[in-house]
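Structure provided below as structure tokens; questions to follow.
Chain naming follows the written order as A, B, C and D, and within any one chain the residues start at number 1.
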Amino acid sequence: MNAGAFTDLKARFNAVRSRTEALAAVFTAEDLCVQTMPDVSPGKWHLAHVTWFWETFLLKPAQAGYTPFDPRFNYLFNSYYEAVGERHARPERGFLTRPGLNEVLDYRAHVDRAVSAWFDQADAEAVQGFRTVIETGFAHEEQHQELFLTDIKHVLSRNSFPEAGYPRQMQTPPQLAGARPDPVWIGFEGGLIEFGHEGAEFAFDNEGPRHKAWLEPFALASRPVTNAEFLAFIEDGGYQQAEHWLSEGWARMQEEGRSHPYYWRRQDGRWTHFTLHGEQMLHPDAPVSHVDYFEASAFASWAGCRLPEEREWECAARDMDPSQGRWADPDGLLEPQPLKQGSSFQALYGEVWEWTRSAYSAYPGYQPAEGAIGEYNGKFMCGQFVLRGGSCLTPPDHARPTYRNFFPPDAQWQMTGLRLAKDL
Amino acid sequence: MNAGAFTDLKARFNAVRSRTEALAAVFTAEDLCVQTMPDVSPGKWHLAHVTWFWETFLLKPAQAGYTPFDPRFNYLFNSYYEAVGERHARPERGFLTRPGLNEVLDYRAHVDRAVSAWFDQADAEAVQGFRTVIETGFAHEEQHQELFLTDIKHVLSRNSFPEAGYPRQMQTPPQLAGARPDPVWIGFEGGLIEFGHEGAEFAFDNEGPRHKAWLEPFALASRPVTNAEFLAFIEDGGYQQAEHWLSEGWARMQEEGRSHPYYWRRQDGRWTHFTLHGEQMLHPDAPVSHVDYFEASAFASWAGCRLPEEREWECAARDMDPSQGRWADPDGLLEPQPLKQGSSFQALYGEVWEWTRSAYSAYPGYQPAEGAIGEYNGKFMCGQFVLRGGSCLTPPDHARPTYRNFFPPDAQWQMTGLRLAKDL
Amino acid sequence: MNAGAFTDLKARFNAVRSRTEALAAVFTAEDLCVQTMPDVSPGKWHLAHVTWFWETFLLKPAQAGYTPFDPRFNYLFNSYYEAVGERHARPERGFLTRPGLNEVLDYRAHVDRAVSAWFDQADAEAVQGFRTVIETGFAHEEQHQELFLTDIKHVLSRNSFPEAGYPRQMQTPPQLAGARPDPVWIGFEGGLIEFGHEGAEFAFDNEGPRHKAWLEPFALASRPVTNAEFLAFIEDGGYQQAEHWLSEGWARMQEEGRSHPYYWRRQDGRWTHFTLHGEQMLHPDAPVSHVDYFEASAFASWAGCRLPEEREWECAARDMDPSQGRWADPDGLLEPQPLKQGSSFQALYGEVWEWTRSAYSAYPGYQPAEGAIGEYNGKFMCGQFVLRGGSCLTPPDHARPTYRNFFPPDAQWQMTGLRLAKDL
Amino acid sequence: MNAGAFTDLKARFNAVRSRTEALAAVFTAEDLCVQTMPDVSPGKWHLAHVTWFWETFLLKPAQAGYTPFDPRFNYLFNSYYEAVGERHARPERGFLTRPGLNEVLDYRAHVDRAVSAWFDQADAEAVQGFRTVIETGFAHEEQHQELFLTDIKHVLSRNSFPEAGYPRQMQTPPQLAGARPDPVWIGFEGGLIEFGHEGAEFAFDNEGPRHKAWLEPFALASRPVTNAEFLAFIEDGGYQQAEHWLSEGWARMQEEGRSHPYYWRRQDGRWTHFTLHGEQMLHPDAPVSHVDYFEASAFASWAGCRLPEEREWECAARDMDPSQGRWADPDGLLEPQPLKQGSSFQALYGEVWEWTRSAYSAYPGYQPAEGAIGEYNGKFMCGQFVLRGGSCLTPPDHARPTYRNFFPPDAQWQMTGLRLAKDL
């Protein structure tokens, strides 16, 4: 018997896999091969690594007699799963000129065929036994779709003459100057509230268990901080005012001589920023992006506010519909777009990940899963901050109210912005 | 009028200041001049910096016409107060051969005389106006007394032939081998509980405000992890088992080739460790010390437990009397001493700082103080973990149930250990 | 009029350009894009840079109205000519995914057509006026042909599973063990001798001016040191005997934990080395290669000898015919091949560049050429050693008795070996 | 019998040893303990190391039953003699707070007494057997006297408020502005000439053997380049003109943002430099000092000249009397002093070491001495340039016409200047 649910799983498998390839289709083998900093993985590596995940966690255990496409790929395309064995050094992923892109695409096709065949033959019990792996595989490949975009953006930006990845027209922005309305504050009463994931729907282990926590009354801004607002911070000397900065952030800023967000450039008296659609004028009403935690927290201090706690964000977002967010469309605009003024929440989901001031840590009662899959989240609970909401590079249907993204405070190449919060 | 309270403040001032000098008395000018890593400050720098604190935050604002001992010292001995101006680079504190130790001692005497004179002349209102500064000054100098000891320990240890700082006899330990009783688990019900400092007694700003939080039921071990227990972890291959380590900790361990706590040495088949009383045999029943957060968390995972949350520790410690702890006695043993088995809490206060798994962050409603003193705590709320309880290097009367110490997860030179926790 | 000489220049131009492309033909765009260390340039960069040289130093000044293929290439493909303007950072050459390989091949074709057209139209005087530039262009492109091979060898070797660049069969070597005859010593009387280039034939500026120097009597070994001889050094503990090493070399060795030449590997009790034809067994009678100056000089000391002075080598080689050397054949074996025993000089030309103990410096009376071309040699006269003779990666007709190659003493990725010398 | 020669050796021993202590007498234990960069050794280390030399190479082999002052000092105070065993890491010499200065002075006294006693008792043959060691010991201690001064100068300069080491009055300089006469060119015919040391007088092994070399006609400037001349180079934009710089020097300059010699400072529109007598105005007619090889060679190129070959310098200096130079006087001015204009050579000896363009390498026929003393010179023949003449920090009677000092091209903390040369 092959129930509808499995047909659905197979269809989702095909959709996820095709979407990855659609994102990669516009790039050359060279674009997808190089590594411009240790945090960046080559596009080809992403294409192969997500495939390795299916091969390692589904095909090898589920399909008797499965023949790996190439036994050496286990070493090359393991990311960080210590339990699965030794692996290629991360900062040297850009040295892998071989296998070439074509061979990696063959690898994808080989694994796709094998997974399809397995779906066609497996009985209900077998599929059920791997349901968590399969759902994790979807979420995992979607995460790498977003990383693919952030990483290739960095690669393109480090060419001497940065070029568009996706040559589409962006909206011509109005002048940066001129007053704009402030966001509206939306208040919450707080109290003893339950947070975190619960139930049969897929979620990562770090989203649970469901647990109680106490919140004091607070308010969140109706929308993320915009480019115009961030520019006001710059022009007011925010990058020179130590009192607003965390000590570590201030030290980095001084050392690197930073004075604006990562992809911004000042040329001929105008501010532009590098995007996946090439160098573009800054739009004053679009959410600011590519600010790291230090910049986000300094802005909040300068504005007399603070960053939200992750549970405050969850409290506000739990009744919103994630499908209303603007998510990554392979044929659409892969940059934050201008927001309209309004008195209700805007862009809680989509556009930019929002830094919270919550360090990434275990919820009460958290236990990592057993085995290699257990390495997915728990071992990174140190030195990182939680981001919520998802961005214009996140696939649709990927985020949810309990979703916890996390990055180190100095991460600049991710699609990160901020929303202000305050105590009531 | 010069009320008793002020007499008491003056007496405490003299006591704190004398205690600093008592700790330094056994060292040469050379011992107190050098810097063996960027995190370590020279002893002489500590002696001068705490003095600068009194001069800057009490004498200059409080005493009209106060003449600084040397106007250049404001640049030399400011630690990190951006609001007070530029300062000497931290990694170059060891370059300050001038002023010499004798001149720094003269500086101390000059400031001591001026503060004493001010106490003698100030009226009640004036003293009251500076009460927070004075109390902060006591706490600040006490913190530097502990840092003085941890830093000079590092300095002594980096001589090719490490020598005792305080040449006193430590107890001869029994054999490391042989079974020892496990700690007892002491359970707590949790619930909605108030945490943090409140009231007129001095506390740092980061200890407040008082706030509610929800705790699930939990248990803490009756005593810190001992050297014998940590050795069992080593001998079981704990330093080679990736599954117990945070990803960043595992990477560091591999890179540095670490296989034991910082000051331990294996020589001629026996384990010793460097102490302020010279190289000593490890005592199996003394709390393990100088483990960093990564080692502490790996040990806890290996033991099937976890580290406590800081509020769990506070919940357990709030009814205990800090004065029962073993604190730093300039004439006593400045190393953790063997614990006796027992069914109630041991060494919650004193012996070793206990790593919690709580990232150092702001309590709900936290606001840094205005001005330079506001730089004391808030700007470090990033990338550090909270430690609780105090150590055998902490001055008496310094710690309290709400006290929050904090260090980065890779800090090894501090007097840090751990206590196990688990969910109930 | 278009004299025969110019026809010849045009033919040489076509031959040199075709040879470059023949060497590159077996590689993928990915192989030719990445950079595995700062000293290595991507293959694509070499293909473009030599083309830029023709465009910059011949087409732009010689051909009125020449339209550059892409004006941005002047920034991208300038190597180090400060006089020609700013340029792309060397360690970031591997970031240039764009222009892609195909566009670079178009660039080559564009410039080739333009140069051909110029040859066809220019009169004798015009060609004569650029004769030095043209001859330099040949030599320059030939140098980059050799660098192309050494660099792509490094790239291939840094894949996790190194693969052959040129999949040809190498000779199966005999056992490494077993005594082999020593080289023969060939003596020279020395005296006051003239050295350096003179005359109408092309030579680099650093090969002149012709000048007198005095040599004491000396002898050179009849052949370069072989793999078998270098293995004897290793097995005798040569890498552990400080007395044979230069101080800087010894320090590097200790730091990097080196114990054999760069591409050697010890696997399953056998020595292999990575070659452009894949991983191969070491042939005992082939010249040792990829030793740096420190290894070469330590071997010579261990052998009770020394490295030659560059003028001693020139004295020995001046009457030999360079065309007898084994040079790089795009269809041949691009690794040093076993030598036959003999009483006359072997492999003075070809097989491996030979380290001399002469620091690379100016000959008496040396003056760099005017303008950008003057940056070719003189500005590198610091911290490098001269190598003589040419290697199996050097194009035929490239080397000559006065030719001076130079590399820093820690260069391991070049095709470098050594020949012993001694005083008589 | 105790011949006059030995009395003389003993007297020289006492004089050299006393002179070291005279130089150190004005400093505190702290000044003599710290290390401000890896190339700098603490003053205390110098005091001990030269003592270790006498103990290791004279007392231990010569005096049966000699008891070392402290057996651990062999490890601490060996500089780089691999043959003598393991040793304390060079960049950590500043960690040696123990032994303290007083103990090191006791060590000196202990060894002085033992050497004196040995001189009193040894017979002529015994002394003769150690004559080379003793003479080397004098030269060695004198070299360290100069290093002591250069190193303590660096230490003092890295204090936030640099202070005079030797508080003596320097001459008030005239205005920097205003034309000054050029140096006179003094020509030499060259030819086949003998160079290098020969004979019974002490010289280092690298000064020999005596050998022939051919020199083309050349001229040397009558005096070293002055501060006024170097300032003209700066003001003409010399630090921004790539064409005058060696490639490696240009890269460093850009990276470090250098624009003047190491100890120069521009404050309030005036140029000063840090000296052992504190911060001083630049004297226009004093030789420029603390220029590295890159600066020296760039200046020479800018001036249309070149640096001398070391044999050209020797050719010019061989008939001059070194005792006419201004050498380091513990009670005198330890900075280069203004030169008077003249038509004969000035300051060939003394004032500043003069960079030559000769890489430091072995003379024909050079053989390092056997054993540990053989490590003195030969193992440094890589990556360094020869300097000639001696400086105002060099002890009297230390230099001679054949003396070869050597430093890497980026050494800035040494008392180094330059003299121009040109071809005739």
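The criterion applied here is as follows: a residue touches a chain if its C-beta (ideal position, glycine included) is under 8 Å from a C-beta of that chain, and two chains touch if they have at least 3 such contacts.
Quick caveat, the model's predicted, so the values are computed rather than measured.
Steps from chain A to chain D, minimised over paths through touching chains, total 2.
Using the average of C-alpha coordinates as each chain's centre, D ends up farthest from chain A. To overlay chain A on chain B by their CA atoms, one rotates by 180 degrees, a value rounded to a multiple of 5.
For the pair chain C and chain D, the distance between mean C-alpha positions equals 38 Å. Separating the CA-averaged centres of chain A and chain C is a span of 47 Å. The residues of chain B never reach two or more other chains; the list is empty. Chain pairs that touch, as defined above: A-B, A-C, B-D, C-D.
Listing the residues of chain C that touch chain A in their complex gives 28-31, 33-34, 36, 44, 72, 75-76, 88, 92, 94-98, 100-101, 155-156, 158-161, 163. Those residues of chain B lying in contact with chain A across their complex are 80, 82-83, 192, 211-216, 242-243, 245-250, 293-294, 306, 309, 357-359, 361-362, 364-365, 374-375, 379-383, 409, 423.
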